[in-house]
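Input: a single structure, listed below in structure tokens.
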Amino acid sequence: MTNPAPLSSAFRQALSEAWAGGSGLLLPLGFFAGTAMLIPFSLGSDAELLARIGPGILWLALALASMVTLERVFQADLQDGALDLWIQSGDSISLIATSKTFAHWLVSGLPLVILTPAIGYMLGVPVGQMLPAMLGYAMGGLTFFLWGGVAAALSASVARAGLLIAVIALPFFVPAIIFGVRVAEEGLNGVGLPFLGASMLFALGVAPPAMGAALRLAAE
Amino acid sequence: MWSFLANPHRFMGFSRFAIPICFAIGALLVGWSLYNGLLVVPPDEAQGGDLMRAMFTHVPSAWLCMGLYAGLAVASFVWFIWRHELADVAARAIAPIGAGYTALCFITGSIWGQKGWGQGWHNLILGDSRLMSVLVLFFLFLGYIALRAAMETRQKAAKAGAILAMIGLINVPIIKVSVDLWQTTTIHQPSSVLKIGGGSDVPEDKKQGMNPVYLQQLLWGFAGHGLLASALIFMLMRAEIYSQRSDRLLAARLEGG
Amino acid sequence: MSGEVLIEAQAVGAMRGERLLFRNLDLEVRAGETVLLRGANGSGKTTLLRQLAGLSEVATGVISRSAAQHWLGHTNGLKAHETPRTHLRHWARVWGSDVDIDGVLERMAMTRPADVPCRMLSAGQKRRTALGRLLLVERPLWLLDEPFNALDAAGRDLLAGMIEAHCDLSGAVIAALHGDTPVAASREVVL
Amino acid sequence: MTNPAPLSSAFRQALSEAWAGGSGLLLPLGFFAGTAMLIPFSLGSDAELLARIGPGILWLALALASMVTLERVFQADLQDGALDLWIQSGDSISLIATSKTFAHWLVSGLPLVILTPAIGYMLGVPVGQMLPAMLGYAMGGLTFFLWGGVAAALSASVARAGLLIAVIALPFFVPAIIFGVRVAEEGLNGVGLPFLGASMLFALGVAPPAMGAALRLAAE
Amino acid sequence: MSGEVLIEAQAVGAMRGERLLFRNLDLEVRAGETVLLRGANGSGKTTLLRQLAGLSEVATGVISRSAAQHWLGHTNGLKAHETPRTHLRHWARVWGSDVDIDGVLERMAMTRPADVPCRMLSAGQKRRTALGRLLLVERPLWLLDEPFNALDAAGRDLLAGMIEAHCDLSGAVIAALHGDTPVAASREVVL
């Protein structure tokens, strides 16, 4: 599919959709901030402990955000008939789905990266770890959203798919989480980064066709 | 053979005889290996004394659950490409059995661990790479079953399940790599049956092959469990085929009335 | 007049659940034709249309498409947050058309609510917006599922006019309909 | 509103709805177990650490489950027109909404309580803390679902509500989490339990009317 | 024949956004009447019906209801996982009716797909299921928004029959409609 117009406008539509889903960026920001706020409450305020595990917990929050966001994306397309139009328009549905996923990652996943310095400071994470952590959240988040997109597409025709998506996607999240945590710990020149990049590229390669096939199935 | 079985009628004919045979031989072998494993062979104190006898269920089930997931993916692939209905029936049947053996591997391993790793071993489970990869495998099975259950029609369940199983299989190596990287130190046995695996950090003494007295029982047990599993799978497949037929009959009657 | 074949279905059949909706259905539509699908509720009109559109698979038979299609189903394909204008502009971009959106909105008599989010539009206004897509790009074959639903008298005449004009320009329309219709059908297929 | 029939059947409908979302209890169980599985990956496998903070993290999982589940409950009612019927039927919409929320809590929240012993055992939580923890999860979970219900009702008319719900509900979750964690730590005869009970009762008192009002608003 | 007043609207008005849809609208419906709401797309029929049903507030004026109502809007109120049978049974329970569900299904000619999840039903079958609710409990006033949409010929006659029977039993119907209709209107209100 050479023509980029469909991709760009699918991207734009998804972006405005994510925006219309509330007050734009504020929502994800608030969500991650809220989760970070909950951490001390649920774990007690042992500073050294927080600094150690806070980032790890944010990984769980990120994984969660990816699933909460994507649940409705494809289901809505199916219910309001937009999916039919996409399939009918003859463009590669995989690419369309990917660019939508990408848009939702931008709105709902990336904010964590923006927040990382603040949250990290709050949790007392060493400054040296901030940059790697941000990079990790960025790449790991994209991976989450891709796999979460596959899970969401697979269960697009299921009535209330929230938990189903989670159960399907969780095993796929494991590598990203492990490598991501490592990147945050051992910095940019450890083995974590290349591995994280590899698993992200892998997701970029495998998830789109899977999403495409799943969506065609859902439209049946 | 599979091309031969691809036809449901032939499969029904074949399985009618295969099931009892597989069951009988499998039960015999498992019983034999258990009898030897639990009563005859001397306990290996280094391996946790009598508890190590769990090995004769543990290792075969461990191998099986991996093999079964591969089988699930292959069946899905066959259905996805050639639309052999029977392949889907097989995939549907393999999933619960595979999940069961994954759980069995975990349970027997835990029993074994009780002594092998001393008290508080359960803390170690979450710290051991091999164990966690089994856990992840279990969730791959779980997701597959849940997804199929959620789909309304057989066709959709088959297609969605196939997609999930295939991408799941190509993810298994990555998951394994990640989990191994996550915990390079495993208190778990290295793959000592075949002298490969275990990683370079495994001390030499652990690397030498397993005592043939055990190995023999292990292999008997493995063969036995393999046969048992296939018998169970065939039974589930038969049940599925019957239900499909009855659905068609019911539908036909509705068309009439 | 018999233009070239735009779509051809041979021995098509459809299963739903375990039940057979129709089988051995042959259909050949040529440029200039207006084919109406008739049949009781649940007889399979929507299913057939979706098969012709390539949205769902055929249980048996083959369908050969030799022309681009416009699809309009029971659902309008509108997003809750879109306005009619943004919706039409979006699909115009996707389909690479540079038609004048305002012109289309005016033709569909949607200039007044052109900037109201679709969630708040009335049923007929939603339908009109969806029908506006047919005017964005020129595609020979239109597949319409009960297109007259929710339209008022003016809207019906408008759509009927669009259909006739389209067929005169050697296009073709396959529409599922109930009751009497303001369009002259060149053929009726009963399911 | 004296007649219990509407409540019971709203309850039953919601129950079957939650059930139809997938294979019944299998999903929530799998979800909580899966989140528990991710914990060591994101926090490392320090046994003593896991034992200490594992339970705290499960609170996050519980909060998440309540949000993922409830997002679509009321939104679906609005879109498919069932909400109109409920309002029209003249029964107290607050009570209807409450019984729906309760049903979804039963299916998606309570399973954590069932799983607590197993997960706790894996994480090496002292046996003595199990019972208090279970009680905490039960009461805290109900509180989560009630507040989550309010948020879901508020955002029923918003397109993509997942994160919005999170932002609205998280502040209300905090007290439940604080006291819940305390209950798990200091057992049944500490101050945690009465406080947790109090916040639950507060939710039970305030959430229903709030839900009712929000839903009437959404139907407009 | 002039039965007692079932609903009365005085000087009712509706705003949407910044826009005034209608105002000073008086409407009084008595038992036995069939009132049709007419008007172009977007003229405010649905809005008025929702106000009469008490689903949305009036901008001006008052509405006094003196009888129980059945509501049927553009949406059918079906849950994706419900089957027609479970749906009707559910609402029968809610409304405390002990009517024979199978009887209702048969009356609506829905016995065949009675156990198919609504998600898979055809548009007309969904509509028939929703219409079945009217037969669960006896309520004097029916508020119907384009009730004939998606129904086939048989379905239209069926519904027309239901409406007439209902009015003969000193019930009343207020329906928003487009185009010509199979029911004899005792009055038409044009918005």
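Chains here go by letter, A, B, C, D and E, matching the order in which they are written, and residues are numbered from 1 within each.
We adopt the following convention: contacts are C-beta pairs under 8 Å (C-beta built on N, C-alpha and C of every residue); 3 or more make two chains touch, one makes a residue touch a chain.
Worth saying up front: this structure is predicted, and the values here are computed from it rather than measured.
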* Structure fact -> Most remote chain w.r.t. Chain A, using mean C-alpha positions, is E
* Asked: If you average the Cα atoms per chain, which one ends up farthest from chain C?
  -> B
* Asked: What chain pair has the highest count of contacting C-beta pairs?
  -> A-D
* To do: Using mean C-alpha positions as chain centres, tell me how far chain B is from chain E in Å, no decimals.
  => 57
* With chain centres defined as C-alpha means, what is the inter-centre distance between chain C and chain D in Å? -> 44
* Could you grab the centroid distance between chain A and chain D? Build each centroid from C-alpha atoms only and quote it in angstrom. => 23
* Structure fact -> Going by residue number, chain E touches two or more other chains at 74, 79-81, 112, 119-120
* Structure fact -> Multi-chain touching residues of chain D, meaning two or more other chains, are 17, 20-22, 27, 30, 34, 37, 39, 41, 76, 79, 159
* Structure fact -> Listed in rising order, chain B residues that touch 2 or more other chains are 136, 139, 142-143, 146, 150, 152, 182, 254
* To do: Can you check the complex and tell me which residues of chain C touch chain E?
  => 16-17, 39-42, 46, 74, 112-113, 116, 120-125, 127-128, 146, 149-156, 178-179
* Structure fact -> So, in the complex, the side of chain B touching chain D is made of residues 120, 122-128, 132, 135-136, 139, 142-143, 145-146, 149-150, 182-183
* Structure fact -> So, in the complex, the side of chain C touching chain A is made of residues 53-57, 69, 71, 73-82, 86, 90-91, 93-96, 133
* Asked: In the complex formed with chain B, which residues of chain D make contact?
  -> 21-23, 26-27, 30, 33-34, 37, 39-41, 45, 47, 50-51, 121-124
* Asked: Which chain B residues qualify as touching chain A in the complex?
  -> 136, 139-140, 142-143, 146-147, 150-152, 155-156, 159-160, 163-164, 167-168, 170-171, 174-175, 177-179, 181-182
